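Paired with chain B in one complex and with chain C in the other, chain A is shared by the two complexes that follow.
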Partner chain A sequence: MTAGRWRLLGVLVLIAVLLAFPFFLRNYGLNLYARWALIAAAGIGLNLTVGYAGQVSLGHAAFLGFGAYLSAFAIKAGWTMWPAIPAAALLCFVVGLALGFPALRVQHHYLAFATLGFNALVFLAMRNEEWLTGGNYGIQRILRPVVFGWSLRDSFSYAYVCLGVLAVIAAIAWWILRSPWGRAFAALRDNPIRAESLGVNVRAYTLLAFAIGGALAGIAGVFFAPLIGYIDPHMFSGLVSIDLLLIVIVGGSGRFIGPLLGAAVGVLLPEWLRFMGDWYLVAFGALVLALMAWCPTGLAGLPERVATLLRPAPRDPAERAT
Partner chain B sequence: MIDFVQLVVSGLATGAIYALVAIGFALLWQTSNAVNFAQGEFVMLPAFVVLALIKAFDLPLWLAAAIALVVAVVIMGGLFKRAIVDAILPQGAMTLAIATIGLAVAMKNGVRAGYSAEAHPFPALFPVEPIRILGVGFSLADIGALVLAGVAIGGLSLFLAHTLAGRQMQAAAQNRDAALSLGIDVDRMALYTFGINAALATVAALLVTPSYLAKFDMGESLGLYAFYAAIIGGFNRVLGALWGGLIVGVLSNLAGAYLSASYKDGFVLALLIVVILFRPEGLFGSSEERKV
Partner chain C sequence: MSGLLSVAGLAKSYGAIKAVDGVSFEVEPGEILGVIGPNGSGKTTLFNAVLGQTKPTAGNVRFDGRDVTGWSPLALARAGLGRTFQTLQVFGGLSVRDNLIVAAQEAEGSLAGRLFAAPELGLGARAEEMIGLFGLGHVASLKAGALSYGQQKLVDIAMAFMGRPRLVFLDEPAAGVNPRLIGELGDLLRRLNAERDATFVVIEHNMEFVMSLCHRVLVMAEGRVLKVGKPEEIRADPAVLEAYLGV
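Up next, the complex of A and B:
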């Protein structure tokens, strides 16, 4: 079989495993699984911005928060959560465009702090505007939806809803990356100056990278609020943005599978390693350090890294040069 | 008016502490292109070393602080530089920045799991009672913080301007290649700045912990404010980071008192974003060549 076929087979097996997984889980596990799916979906959005377009963002939790609050407003207003989906996508797209503007001026750590500052401002608004957001207490009792008399309230059904969200967002991201847009993003990341000289509109694509990444996270956020059942500002603070960035980087930024792996390390692994208690996060921090030192491409890049290490060093100096 | 003076003085005192942390941040950037996201945790750790020493051996505060200073310089200066920065910086500045986020997570939770998740009282360097000058009450702790931070920063400036090592460090920061060709051991100079950063962080820990209390996550907000200060002031210059710290401290105090207590951080963040958009080199920084 060719490499392409192997890859297709791998994707099919992954989908089959993901579809079968909820049958083996009980209530708590199902909620955890749904949480993994949504964090992975938000991570796919962030990966577009960070991994493919090369723009650092520490403001991604704010987009998740926009989606979650919009969904809570819609549900509390007595509508369903569905109108919140286009509303969140639109709001996050527009705010993402605005957040992209600093990226036109500055890069790297400056951009990291600018976006972290944005997230902190959003957090302040969520905490202080009590008339709208309920302040520190947040919004309680956010019910899951019922569609045409078919209840999605039980954890089993809702886990599949969240898996569906992940599938749709992954499909959108896949489509974007295969389109000329995706190629322009990669050009932007690898060499902005060359990209510009080849006719890529660097301004527009930088802004789009933030806008699309934000919109995808916003959609994930809409489903996040009913999953947990309540929301408060601390669920969308700058610290959560930092976690999201670490999740994408640990999984492998710029790799399609990266956010799914990273979200597993960030969401599922702590449950299995519960006996470690607070030491789990120490190990997680050490894992980030170790990956950055030996394999900056993250877990997704680990097989290739190991293969490079295992391959015998070329003897011919000319071969080594290539 | 009296309120105003008190607010400015206490803002300056807090700002001077931010400045200590921000200056260290700026020094690391200048000599090594290293962005340290664990800067707040570098303040938290010495505070816990002091606490642990006092608790375990019943040491007086000054002795515990002196030992903590040495420990900090060795671990957060030398070891951090050799084991983490030297290993990861060749992969890129942003990779190192991410690694230091991981380091911050590990340090915070290491203290939480290994020592305590609670907030602990911390012995004060200066008495808390207020003194009155010209009818205005000032807290001695604020005055003491200002003086000690001033001494530390003044001493650092004198060291940088008037000693051979200090001038070599400046040369290494300004133009690495030229400094190398003049025979300056650039790597050693970088190592010194890591030691200085750790020492400044320890001083900041002694000043800030009596009022913040020692807690594993105390570095989060402190580190953030120091970053904001460094960027607002301009972190390619030591003076920029100093002014940035003072501006942030006074601005958040005054905005909290006169404009909106619940949005006082918001004014600092708004200033940060305006500076990044319109003067990315910082209010007091010199413009850097844009790196391709």
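Up next, the complex of A and C:
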């Protein structure tokens, strides 16, 4: 079998496992599973911005928040959550374009601080505009949808809704990344100066990387509010943005499967390590440190890392010495 | 005075230092022009001022009949001016084939159109041709960042020609390349020139390489043009020998 065939087989097995999984879970597990799917979906958006286009962002939780609040508003207004999907995508796309502007001037940790500042601003707006957002208290009792008399309120049905969201967002991201845009994003990440000298519109692609990454996270956010049932500003603070970035990096930045693996760590590990109490963060931090030191390509790069350890890399006989 | 590129009185100063001080030259279609000069004589600054990397303080640049002075690198690239950089500049995370395709894809259709276009935009055949020409067939699917220095240099140069630019500036293509590959590189560039009418300007320190490749050579010293002429004239000029070779 060729590498392409193996990959296709891997994807099919993954889909089958993901589809079968909820049958083995009870309420608590189903909610965790749904949460994993949405965090992974938001991570796919962030991975496009960070991993593929090379633009550091510590403001991604804000997009999740936009989606969640729009969803809560729509549900509370009695419109159901569906109109919130295009609204969140559009709002996050436009805000993402605006957030991209600092990236045209600064890069790396300066850009991280600029985007973190944006997240702080959004957090303050969510906390202080009580008339709209309920302030610190947030918005309670956000009900899950009923479609054509078919209730999606139970955790089992809603887990599949969230899996569907993940599938759709993954498909959109896959489409974009396999198009010439994906190649242009990688060129922007690897070498913006060379890219520009080859006619790549670095400005347009930088803004698009933030806009698309934001819009995908916004869509995930719409489904996040009814999953938890309530929202408050702390669920979308800069700390959550840091978590999201960690999820992308631990999973494997710039790898398509990365956010799915990273989200599994980011969602499940806190639950498994709950017995450790406050020590959880220490354990999590140590794990991330060890992984980054030993395998900087993240969990997605682990198989290759192990493979290179097991056998020395074959030397290219045609390699030209310099 | 109707060259493909015509540079007139170009100057670039950093405070009191005149890195480029009133340089004028022409590039004719189908020509290979060499630019030589001691370190610090302003060759790379000249390239950067012509190619929009830095704004010239005086003078103008005309390309293909249009005044392009101070245009951005992006606008110049779109107008058909290609370049390589002094240091290696490939997209390490992309395969060799994708490096070549991305080097030409932005000229195909509109930005929005490219999102819905076929992934290779019909550039696959042209990329294969370049891969064949530069002898990169056995590494075409590997990530460019994983190749040896010499191979990356070939990818780097192939990328500059991939978009079929009207004129390419090569900044030290032979630097750090082993002698055998320098010979191959010279043959490749001569072939591109003879078979495809590729026009280029080359900065290079390797005299043998420059003299055997270029139709004309421009010698710079202290930000000015010392002499322009055929390789054999340059070789015989006492002023050049004194400024450049220090004899």
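The rule is short, and it goes like this: the second predicted complex is superposed on the first by the 303 of 322 C-alpha atoms of A that agree within 3 Å, B and C clash if a C-alpha of one lies under 4 Å from a C-alpha of the other, contacts with A are read in each partner's own complex, and residues count from 1 in each chain.
Just so it is clear, contacts are C-beta pairs under 8 Å (C-beta built on N, C-alpha and C of every residue); 3 or more make two chains touch, one makes a residue touch a chain.
Not measured: the values here are computed from a predicted model.
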item: Three-chain arrangement built on chain A, chain B and chain C clash or fit; value: fit
item: Partner chain in contact with A:Ser197 - chain B first, chain C second, else both or neither; value: second
item: First (chain B), second (chain C), both or neither touched by A:Ala20; value: neither
item: First, second, both or neither for A:Leu281, with chain B first and chain C second; value: first
item: First (chain B), second (chain C), both or neither touched by A:Asn128; value: first
item: Chain B or chain C, by number of chain A residues touched; value: B
item: Touching partner for A:Ala184 - first (chain B), second (chain C), both, neither; value: second
item: Vertex chain A; arms to chain B and chain C (CA centroids, nearest 10 degrees); value: 80
item: Which of chain B and chain C A:His109 touches, first, second, both or neither; value: first
item: Minimal inter-chain CA distance - chain C and chain B, angstrom; value: 10
item: Residues on chain A lying within both footprints (that of chain B and that of chain C); value: 193
item: In the complex, chain C residues that touch chain A; value: 51, 72-74, 77-78, 82-83, 85, 89-94, 98, 101-108, 111, 114-117, 119, 121, 138-139, 145, 148-151, 159, 163, 176-178, 180-181
item: Chain A - residues contacting chain C, complex; value: 176, 178-184, 186-187, 189-191, 193-202, 204, 254, 316, 318-322
item: In the complex, chain B residues that touch chain A; value: 35, 84, 87-88, 91-99, 101-110, 112-113, 117, 220, 224, 227-228, 231, 262-263, 265-266, 269-270, 272-273, 276-277, 280, 292
item: Footprint of chain B on chain A - complex, ascending; value: 56, 101-102, 105-106, 108-110, 112-114, 116-118, 120-121, 124, 127-128, 193, 238-239, 242, 245-246, 249, 277-282, 284-289, 292-293, 296
